[in-house]
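What follows is a set of structures to go through.
The two complexes that follow have chain A in common; it is paired with chain B in the first and with chain C in the second.
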Partner chain A sequence: MRVVAPSAPVVLRERAPASLARLRTHLGPALRYSVLIALGFLMLYPLLWMIAGALKPNHEIFSGIGLIPQAPTVEGVAKGWKTSTEYTFSTYFSNTFRIVVPKVILTVISSVLVAFGFARFHLPGRRLLFGLLIATVLLPKSVLLIPQYLMFRELGWLDTFLPLYVPSAFATEGFFVFLVVQFMRSFPPEMEEAAVIDGCNSLQVLWHIVVPVIMPAIISVALFQFMWSMNDFLGPLLYLSSVGNYPISLALKISIDVTEATAWNEVLAMSTLALLPSVLVFFFAQRYFIEGVTLGSVKG
Partner chain B sequence: MKPRLSKRQFLAAAVAGLAAPYVSAGAPSTPVTAGVPRTVELRMSWWGGSDIHKVQLAALRRFEARYPGIRVRAEYTGWAGHLERLTTQISGNTAPDLMQINWNWLVLFSRDGLGFYDLRRLPGELDLAQFDADSLAFGTMAGKLNGLPVSMASRLFYYNATTYERAGLPLPTTWEELFSAGPIFRSRLGPEYYPLDLNLQDVTAVGRTWLLQRTGKPLVDEQGRQLNATEGDLQEIAAFYRRLVDEHVVPSVEERASYGNVAPHEMRSWINGRYGGVHQWITAIGKSADTLAPGQRVELGAFPLRSGAVDAGLLYRPGMLFAINASTPHPREAALLLSFLLEDEDAVRAMGLRRGPPVNARALKTLADDGKLTGISWQGREQVRALPNQVRESGFYDHPRVRDAFMDAFELLGYGRLDVTAAGTRMHEDVNQILRRVIR
Partner chain C sequence: MYTNRAAGLAYVSPFLIGLALFLLFPFLASLGLSFTDYRLQDRWSDAHFVGASNYVEMLADVTFRKSLWTTLVYVLLTVPLKLAFALFIAFVLNFKLRGINFFRTAYYLPSILGGSVAIAVVWRYVYAGDGLINQALTLAGFATVNWLGDPSTALLTIILLRLWQFGSAMVVFLAGLQGIPQDLYEAAKLDGAGPWRTFSRVTLPLLTPVVFFNFIMQSVQAFQEFNGPYVVTGGGPIKSTYLLPLMIYEEAFKYFEVGYASAISWFLFVLIGVITAIAFRSQRYWVFYAQDRERAP
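Let's turn to the complex of A and B:
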């Protein structure tokens, strides 16, 4: 939990002449930052290429790796937004959020509740149950597809958003439960005992004591689930059949065929837009994430 | 019926509390048509690119205007994942009423002919006289007509005519001319220019063609559950590929790999005209022509034949078919829609040759009257008709595992990990083993 500050090169400074020391103080960061910027650029290059590709005509996209379009055009953005379907991309955005938002909320609530149970209550057979939960993480998702599909068909939920988020209400992502359990194990139960003495019941302990402390873990769970759900292709592909219900992940691939040349600039333009929510959420959550870490580490 | 109902009730009860607040928020669930008189809702699925989607949607709207009692819900995707989705739907008994299928999916879903509706049971709605016997035979499984072909497809040789002009060569018409073009391309244009580009799947197809022109037998013997080729035959294919690479006719696997895992028509060397040709389906050649950098053009080349060839060795099959769900409650309405899509003048005009030259005689006449039967895909169709084309390949040639086994052997050969003899032996062993397992 403790944050270790990176050690600065302070040892040599006293012995060196003043001018050399000044040079060194400037040279060090300059060198470090130029390396970081160069590496950062390299890492971000595919992302930049995608944004640049959205502004290129199609034949230019694959003929070079340069970023600057020779004949820039916003045709890809306009056509991509209109799509080749009866709907505009706004429909697909709103569908995505109608799946992702309930899914993230349900995942967080159910995972924290179940993790609290595993971490703090000594139920008989707890180890076995926890082992089973972890086993579900190792189970390949594809073996569940057909049985789940049949179950949701019996419920009459096909072509609705329900099969995509209702399972999250039952802590079906064992990985998230594991993550939160490990986080809870890392801090002592004395605070909770104090709260119990003060008259809290279990849920009040969870809400007033545990949740504020494990906030970083909760944010991580929400963040992971958000990104995975945004990118999920197979789930919506199987459960949603009406085009009007498609989320972004399906809509992006709807015009990619084997017999027709793909208008990649449209796909890239919409991919760029589709990336924005994830990027924004990540930057927004990152602040809380760090805040959560420091809050938890300073004082109990 | 009883246990099923109680299971449904049980499941519904188990989640009722949770689902209740959301049900209204979800999209309209599967509609019950029983209460509404005379309005039939059909579901239709297809895959395609943006052009196909637009044209197909417009055709559906015209169909609804023509038949006011029928509404059609469109369920379309790109190519990726379409088979996975259809597999789930068919196994869950929720497949659409009318669906576009690939020819080799017939062996996956309907080996006994019962996987799809027998279209011969709908003589009032479908005019089968508009199809020739050959194309109907392709859609027939175990005596039942499971699908109607939209178009027939073959793989032919298409060349970048601009590149050949720069090389000062006419388009090759024989295997010898193709082989001799390699060194000329290298000396006149440079080592990065090739007369033809083949990925490993294309190599398998061309190798098969090369062998079939001598043997005149389909490569896969479905009855015998094995290859119709000896070890020596497959070594001949391997040697053929070795020669194509050695004589600078096609780029090596190393060279192709250096461009990354990109579709052939999106490879830089194709776009810029360095790769002078492709072995492409006539239904899909449009995409290769579309991606070329401006100022270049694609032309159909003559199909090379070995001397004494008994058959051209074409891969010839329906480009795609329409099939009706075996358990649809509305077979007649689905057949009406199918017939409309294949024959209606407006629908046919709008689709043009996007799904390849149509098989349906009425559709063909509509396009002929409009003077629309032109272009490289139509020329391809005419070329196929003129070639000796009797051999019918088994659908198991396209089985993913068969295809992968061939490609693996060619890849090892290409990287020099196997010599020609060993590569042929490996194909013989691996593919035969797979065929014994997958043909049941």
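Let's turn to the complex of A and C:
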């Protein structure tokens, strides 16, 4: 009895802080998860609403903010695909890819070649040139826009896809070169030196040794350029004038101008389809995006 | 590594050509054009040198002044809010939580898609008179707001559109947070520092290079905002979202005033340049680089 009696309050006293600590260790994460989930839901809601809207009859979009369509229909998709123009969205999709595919390929090739030059060669004025390369990342594009437009006009390239991808063949986007240079520098050149001693020329070294090693950086470059050129709006807006040459971005813009007050479901359906390639690519390759962003900043 | 200079030059030659042809030449040409009265459809022989009159006209132009003011308000609200928000979420995500990758993906997705016209289109519908936000407000018993039609709220919708894309800044912050050595936190704990002191004395100072990087990138980007006002609001109502890049575009390609538009574009360039230069100069007062400490005697 005597032994038990004093021990009881001791246990109580010990228990109180223990449960408090337990509460704290559980409450912290619980609070964090609640905030993260609520915020995530709020952030993704416009996207979910867009997808839901694509499958709703038009009047339903205005009669409730819920996500589940009461009377699901693909009418919006079918009508939206036809558009109010003489072309269907298949034309706009194929135009988009006729711009994006060459642009991505040219960007990858030119960025890797230039990055190899910067990372592995002693160049005259290398620091200055690399500084200029970084400066191009910060240079506001609006100051170049008008003369570039006039230049391509003089070349007779207006209303063709050429102004949209030819500059990419010349490593004009410094960010990509920088990203590849950073990646190359994180590898010691011993392997390459050994290959040179074995009689490889620099192009063989680049192709057989460097390229396989920097593959993650190459994928990051390709993915970012894919996203950015899928999203590009100002370029096509400036250079393309006939509707038959329009990519998706311009087609969407005319679709809201034409069907403004009426067919929201058609526009939302086409917006959903326009985002679909980017979303798929993002989910399958998000690792490379995150690596690319962090490589271009923190390690730099 | 390689000493063959000719080969090295050959590898960087695409960049040298691109730099000269697509960057330096247009850069100087727009400066030149800003001193002429060239109009888009004119023959080149019709262009005249007009001295600084485009710049004089610009400074007196009410539309330009309003556009400049709107741009400054937009940047001053968007960039700090976006960075604060990105840092906060990155900080929360940096705790060893299960499912962090899921949240990182969910928050990063809008940044990846955000530049798309499809998003701007959806945004216009979200804030439209009978759009998502107003329907939600009605449901909750509030009065609806004419978001896009009211000059006092239209810019807010563009700011919210870009705030929504805090993800890329967040990913950079997250990488920066994960790069902070654990032993510094342990040392702070041993010294009896609480969570706030640890954040303000350990985390934040070590994160300043990343804050600096994000600040520069986000500011340069914000000053060039075009898609938002062009697609969501069209620059209106009564020019309340008429940011400078949109004004440059319209002056050149809608009103054909190439000389005048070039002058505005150079003004914007100098403005961004001055702000970037001040930021770079200010680094030594607030940006903490670990190697400086090691180098110090």
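Some points to look at:
Keep this in mind: the second predicted complex is superposed on the first by the 220 of 300 C-alpha atoms of A that agree within 3 Å, B and C clash if a C-alpha of one lies under 4 Å from a C-alpha of the other, contacts with A are read in each partner's own complex, and residues count from 1 in each chain.
The working rule: contacts are C-beta pairs under 8 Å (C-beta built on N, C-alpha and C of every residue); 3 or more make two chains touch, one makes a residue touch a chain.
Remember, it's a predicted structure, so these values are computed and weren't measured experimentally.
Legend: residue contacts after superposition of the two complexes on their common chain; A:C200 is shown touching neither chain B nor chain C. When both complexes are overlaid on chain A, the residue A:I254 reaches chain B alone and has no touch with chain C. In the superposition on chain A, contact of A:V279 is made with chain C only, not with chain B.
Touch criterion not met for A:M191: it reaches neither chain B nor chain C. By the touch criterion defined above, A:K141 reaches chain C but does not reach chain B. Shared-chain residue A:W157: touches chain B; no touch with chain C.
In the superposition on chain A, contact of A:N231 is made with chain C only, not with chain B. Within the superposed three-chain arrangement, the count of touched residues of chain A is higher for C, of the candidates chain B and chain C. Of the two partner chains, neither chain B nor chain C is touched by A:I51. In the superposition on chain A, contact of A:V211 is made with neither chain B nor chain C. Contacts of chain A with chain B, set against its contacts with chain C after fitting on chain A, overlap at residues 62, 64, 145-146, 149-151, 169, 233-234, 238, 250, 253, 255-256, 264. Listing the residues of chain A that touch chain C in their complex gives 28-29, 32-33, 35-36, 39-40, 43-47, 49-50, 53, 62, 64-65, 110, 113-114, 116-118, 120-124, 129, 132-133, 136, 138-151, 167, 169-172, 177, 189, 192-193, 196, 202, 227-228, 230-234, 238, 248-250, 252-253, 255-256, 264, 267-268, 270-272, 274-275, 278-279, 282-283, 286, 289-290, 293-294, 297-298, 300.
Here chain A touches chain B in the complex through residues 58-59, 62-64, 83-86, 98, 102, 145-146, 149-151, 153-162, 166, 169, 233-234, 237-238, 241-245, 250, 253-264, 266, going by the rule given at the top.
Interface residues of chain C, counted against chain A in their complex, comprise 1-5, 7-12, 14-19, 21-23, 25-27, 29-30, 33, 89, 92-93, 95, 97, 103-110, 112-113, 115-119, 121-126, 130, 132, 135-136, 139, 164, 168, 171-172, 175-176, 179, 210, 213-214, 216-217, 220, 223-224, 226-227, 230-231, 244-245, 248-249, 252-253, 258, 261-262, 265-266, 268-269, 272, 276.
Chain B contributes residues 4, 7-8, 11-12, 15, 18-19, 22-23, 25-27, 29-30, 43, 45, 47-54, 57, 73-81, 84-85, 88-89, 91-94, 96, 262, 265-268, 271-272, 281, 283-284, 286-288, 290-294, 319, 354-355 to its touches with chain A in the complex.
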